[in-house]
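We just call them A, B, C and D in the order they show up, numbering each chain from 1.
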Amino acid sequence: MANVTAFLTRTRGRGRLHWTDWASYAYLALGVFLMFGPVIWLVVSSFKTQAELDRFPPRFLPYAPETVQLDGHAEPLPLFRVTDGPLAGETVAQVRRIGLTSQVVRPEAPGEVVKINRADRVPVERVKPALENYRTLFERFDFMRYFWNSTFITLTATAITLLVNSMAAFALAKYEFRGRGAVVALVIGVLMVPQSVVLVPLFMVTREFGMLDSPWGVIIPGAATPTGVFLLRQYMLTIPDEILDAARMDKASEWKIFWRIVLPLSAPAIAVLAILSIMWRWNDFLWPLIALSRSENYTLQLALNSFQGEMRTEWSSLLAMTVLTLLPVALVFAFLQKYIATGIASTGGK
Amino acid sequence: MTTAGEQTPHISRRTARLELRNVTKSFGKAEVIRGVDLTVEQGEFCVFVGPSGCGKSTLLRMISGLENVTAGEIRIGGDVVNDVPAAERGLAMVFQSYALYPHMSVRQNLSFGLENLRTPRGQIAETVEEVAAMLQIDMLLDRRPKDLSGGQRQRVAIGRAVVREPRIFLFDEPLSNLDAELRVEMRGEISRLHARLGNTMVYVTHDQVEAMTMADRIVVLRDGQVEQVGAPLELYNSPANLFVAGFIGSPRMNFLTGRVEAGRLRLDNGQMVDVPHGKFSLEDGAAVTLGVRPNHLIPVAETVSGLHATVRGIEQLGGDSYVHAVTAAGEAVSLHRPGQTDLTVGAEVYLEPDPDQLHLFDTATGRALRADPARDSSAEKS
Amino acid sequence: MLLRLISPLMNVVDLPMRALQRRLGISRLAWVFLLPNLLLFGTFAFLPILLNFAYAFTGTDNILLLDRTFVGAENFAQLLDCDSYLDPNTCARDLFWRAVHNTAWFIVMQVGFMVGFSLLTALVLNREIKARGFFRAVFFFPVLLSPVVVALVWKWVLQRNGILNAGLEAVGMDSVVWLLDRHWAFFWSVFLSVWAHMGFYTLILLAGLQAIPRDVYEAAVMDAAGPWRTFRRITLPLLMPTMLVVMVLALIKGVQTFDEIYAFTGGGPGSATTFIIQYIYETGFGGAPRLFGPAAAASLLLALLLVALTVIQLWITRRSSNG
Amino acid sequence: MTPTGYFTKGAALAAMLAGGAASAQEIRFMCYSDGNECEAAGEIIERFEAENDGVSVVIDKVPYKAILENLPVQLAAGTGPDMAKVTDLGGLSKYYLDLAPHVDRAYWEESFGPILDWYRKGPDDDGIYGLHSQLTITGPFINRTLFDQAEVEVPGPDATWDDWAEATRKVAEATETPFAMAIDRSGHRIAGPAISYGAKLFGEDGTPTLVDEGFTTFAQKFVDWNKDGTMAPDVWGAAGGTTYQDAAQEFINGELVFYYSGSWNVQRMDSSIGDAFDWEVVGSPCGPAACTGMPGGAGIVGFEQTQHPEIVAKLIDFLAEKENYADLTAKSLNIPAHAAVAAEGVTYEGASEQAAAALNAFAAQVPTVSPIAFAYQGYKNNRAMFNISLARVSQAIVGELTVEEAMARAKDDLAQALAESGE
């Protein structure tokens, strides 16, 4: 037993946990709670009925009222437990409510209506995920088509982004040429201007290229990213020039040096950019909304938002929709988080 | 490493003469190589040596084609190659950091260059196997560079150069990252490799021991200029100037300044030293520097003509001993004796230079003073 | 792998590239590598900004440039027309200046908290802890969420009937309508922004911490330096270059803040969390009246600021990598 | 099957192919919906397709945001759809396709009368542009159960906003309900009350003025009610810019006594409240000048850019046919804008009695709408005016500006907007 305690409380080097170790773990536990908590709350909430969502104080798990199908009533009736009055302690089915009184029947005697005070009953409920939130979403549109559109746009755009940005980063990191500083400043500076402030001219430019209403209109305009060039360039700076020289002595052309030597060596940074780019493109909403107007070209994000009307916010649909868009992100994250961490660790420091 | 006589069927011996004509390199206004003239004969092992920053690596990179030539001409096998890209000069280079491709296995590292030359696959495999066997890295072929020791990486780097069958090998301080023992071992291996392949090799180092032990000819560089070119012992025995004298030989040559007085030398500490007549052309009153190597100073019994000094430190290595002493004028001198010495710190010693092994230099120009100007080496300051 | 799939393609590209290399020489080949990026950049980033100049100097609500009339610097003049730049109420375009003020405050707070919490987290993660990879991932997770989702998650937590208020009431406190109070709304905007992005900066700082050689710390222990002193005199100075990069990145990110706050508070209450980008978006695009000219003028002022920040950032990076 | 049969079939097929190749007439209809409007229209459109060979109508269902923000830009750039369901009726008027040459003018004028003006470019325009498919009218929902519990009498049809404020405050106090009143966060929603308080919105010559004494009076009252807690402060206070925010949630939860919204919410109240409490629709409260709500809604229009004007016109005309229009309104639970349909009354499909009653209560208010409100709805730059009043009144509510400052700013904003639009 003592061994177990020793094992559990051992830090990697010395003896028992110092108070700072406890503080660290407490901080990390708080971190897990803060970072995951809200998202988990959102996911759980997406399985609640609208009525349950409106409830205050909220309950953690989704509940739904228990109903019973009785003879002589077309619809299933909700069950209540009576807390006071002559029927106290019994479970009854409510037929209807009028003002402050509630007309109930006992399930054993469905014909015999009893009137009780509305305040004297509590609903009988059980945990039941409201899958209809999701079902209605899927009924509303062709999920696979939009999923495919999104996937195509995301993957193609990411491939183009990786190629174009890594070429530029290679040039900026590994060649001395006149005007390099200016190019770096200009490219990164201007690309820093967020898309949302140049929407109108960008729309006009895209229109001139005839790319509106095609996946390319979404893919191409965002392909040159400042973050990508910056990230890859910083990483490529750490690759020793001698390796490039060695390859030149090995009669490799510059292009070959780029893709056989520099690209593979930049794999961690490329992985980071790939993940970021996938996230950006998958989550993109504003620009696709402008560039795509035919519903067959819609991305998943647009399709899921397409029932957002003028006048209403329906939390139940909204939450389910959010969870659906979140899902691929969570999957990518689960599989690739190791690369993300090592990748950024090896690029960011410089 | 296999013995030199063994057959190496897939590696043909190619070699070429290397000529540099008034080669100059500037980075902006800074001139780093100033008009170097040099010929490296076919099959010669030529070492560029000099302190850091002397331009030896730049010169090597210019030969390789990785660096442009600002002015002058580089010829390989008689052809001017100034505008020939690095890859097409038929050279191979071993880098200081080895520059192995970290993401490729040893085998891929060795074959990458041959693939670029569009060598048939079968031939690549055979050449690689053969070179690997020769360098004793055949059991490492499927490892990645990060799984190798320093010495193994060095061998791979050399192997990568060898498979290319270059006309000239270029080495850029290849041993500087190794520990002392490995360095001795690799020195021997590179020498044997040269003996076996017979290629022209140009080797850059700042370590004069490497230069002395490996070179057919040494080129001493300083500030982008050639100070002296010659066989190792030639440089040792007849340094052309103070710089070469001080750079070649370990421990360093002792230098004592003085003036010529009636054919003899009066040192600044007041002592008089006899110099052999006829060996030097001396002018009365000229400021000269006396150079004498530590092993050419012989402790003697108290005399008037000897050098009087106080022992400050002693290094006993068992087989050799080094004594560090200070003259009355505060000049440091060191002394190398075979065997063990019974001198102690604080002892007064009298030292007699071996008259046949004296070197005299003009203090102002640093140039060696010699009776016979014909013995001066080719590369003097112009 | 994937590399093997694309390698025939790359080999095909090699032929023309070799020809170009022979013709242009190596240093001019750099431009060939830059070309695709520059083309995309020129067309879809630089050109729109140039067009924005055209919009900024013209009037009317026409979107087609040829139908717009030249108004000179009128739009800029109106934007910059203030009695005092410190009091938005004295400005002709008070909302623009409110947005500028809000953005300035937001950046100060956000960069401060972002760097502070990222550093704290990085320091904790740099300790000898179990499951470091897991914790590192946990803090990075929100970086991957879309801005809309981030906003929604917190809106859901903070709403009047949300779980936070339920928690407060459970411990006997009064519930608060968080986004109704301008200070709380601002606080939560900063919080949300830090929450969503600190993982990225934490990883960068963690990498910086791990790059500090162990023996430096061992030397400090031998010199009898306490933990606090070690942090102040060893860790912080050695981490400074990384800290600078993080600060500038956070600064630029701060200026660009839009989507998540727009979806979170809509810029309210009033204009308490309206930032520059939202102002530009709403003025030029978000609905009637659609004032292309003033929006373009404001976006050019913003672009100017961003280019200046980028130049500073490059200068700092260069300085810290040289020194 | 006889050889003749084969032959005819083959010929028909060939004709179809030829026809398809020559006149593959695809119409793109950009639609958004608050409930099931697009689906309801879709069913009728299918009948149209069946009647018209070679015409296919694709309904692109988009988020409302796309109609509001992107459609105008697309139209301006000439890349819009053939037809769309729009809400900025006047603002987009310059892009509309005039249906007049293709439809029976008498039928349209008789059926839709003054509403046709909402789509017109100005007073001199007599084109027919759009089918008002979704007529809405603003008005209050009240929680009857709370009134009953508090034993407060529900104010009568002539009651003023002040009367309602007082009554609902009493109810809220007595029943410990958090909020007495709420108005959707929208410039359109406060227009009715403002007009009731004497806002003229337009000058004598028809130029928009927005701010006048009446408007300021209501703004002041509204700000005060927000500050003293009569109005649920979350609605207007907790959002910014021109963000839309409703209070339906609070009303459904029984936390709100009086909710000023509009006819489009009937369906939602019906399905969400269930039997939790009783709710009713009452007439818009009065001010010194009127007791009006604001009409509004969405319509289906064709665009001049279309390659197939005749088909578009024909389709819209088809939707406007009496039976089809009645079908559409019944399915989508809307108030009919079609005079004959309204006169006959609509049998709403799948709606409870309560909902049908509420819809009829709203419909009854249509004739009482003030002419100013009617004109305001038809004015082409009304969106800009809605947004300006929304943003500025919000600022006054949260205390960034005083009411006077807010009104002055609103005037400036309007002047700038009008200058840009060339008026």
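Rule of thumb we're sticking to: a residue touches a chain if its C-beta (ideal position, glycine included) is under 8 Å from a C-beta of that chain, and two chains touch if they have at least 3 such contacts.
Chain-to-protein mapping (UniProt): A, C = Alpha-1,4-digalacturonate transport system permease protein; D = Alpha-1,4-digalacturonate transport system substrate-binding protein.
These numbers were taken from a predicted model, which means no experiment stands behind them.
Looking at A-D alongside A-C, one finds more C-beta pairs in contact between the chains of A-C. Nearest to the overall CA centre, using the mean of each chain's CA atoms, is chain C. Ranking all chains by how far their C-alpha centres lie from the centre of chain A, first place goes to B. Chain B and chain D have Cα centroids lying 91 Å from one another. Look at where the CA atoms of chain B average out and do the same for chain C: the two points lie 55 Å apart.
Each chain gets one centre point, the mean of its Cα atoms, and the points for chain A and chain D are 33 Å apart.
Centre-to-centre separation between chain A and chain C, using Cα means, comes to 19 Å. In chain D, the residues that touch at least two other chains are 68-69, 73, 77, 253. Those residues of chain C in touch with two or more other chains are numbered 63, 160-161, 285, 292.
Multi-chain contact residues, meaning those touching two or more other chains, occur in chain A at positions 54, 56, 199-200, 204, 253, 256, 264, 315.
Chain contact summary for the complex, chain D toward chain C: residues 68-69, 72-73, 76-77, 88, 91, 233-234, 237-243, 245, 253, 381, 383-384, 386-388, 391, 394-395, 397-401, 405, 409, 412-413, 416-417, 419-422. Chain contact summary for the complex, chain D toward chain A: residues 28, 30, 32-35, 58-66, 68-70, 73-74, 77, 79-81, 87, 145, 148-149, 184, 244, 246, 248-249, 252-253, 262, 264-265, 268, 272, 274-275, 278, 298.
By the touch rule above, chain A contacts chain D in their complex via residues 50-51, 54, 56, 96-97, 99-100, 141, 199-200, 203-204, 207, 212-213, 289-290, 293-296, 302, 305-313, 315. The residues of chain A lying in touch with chain B in their complex are 240, 242-243, 245-253, 256, 260-261, 264-265, 267. For chain A in complex with chain C, the touching residues are 11-13, 20-21, 24-25, 27-28, 31-32, 34-36, 38-39, 41-42, 45, 54-58, 163-165, 167-168, 170-172, 175-177, 180-181, 183-194, 196-202, 204-206, 209, 220-224, 229, 234, 237, 253-256, 258-259, 263-264, 275, 279, 282-283, 285-286, 301, 315, 318-319, 322, 325-326, 329, 332-333, 337-338, 340-341, 344-346, 348-350.
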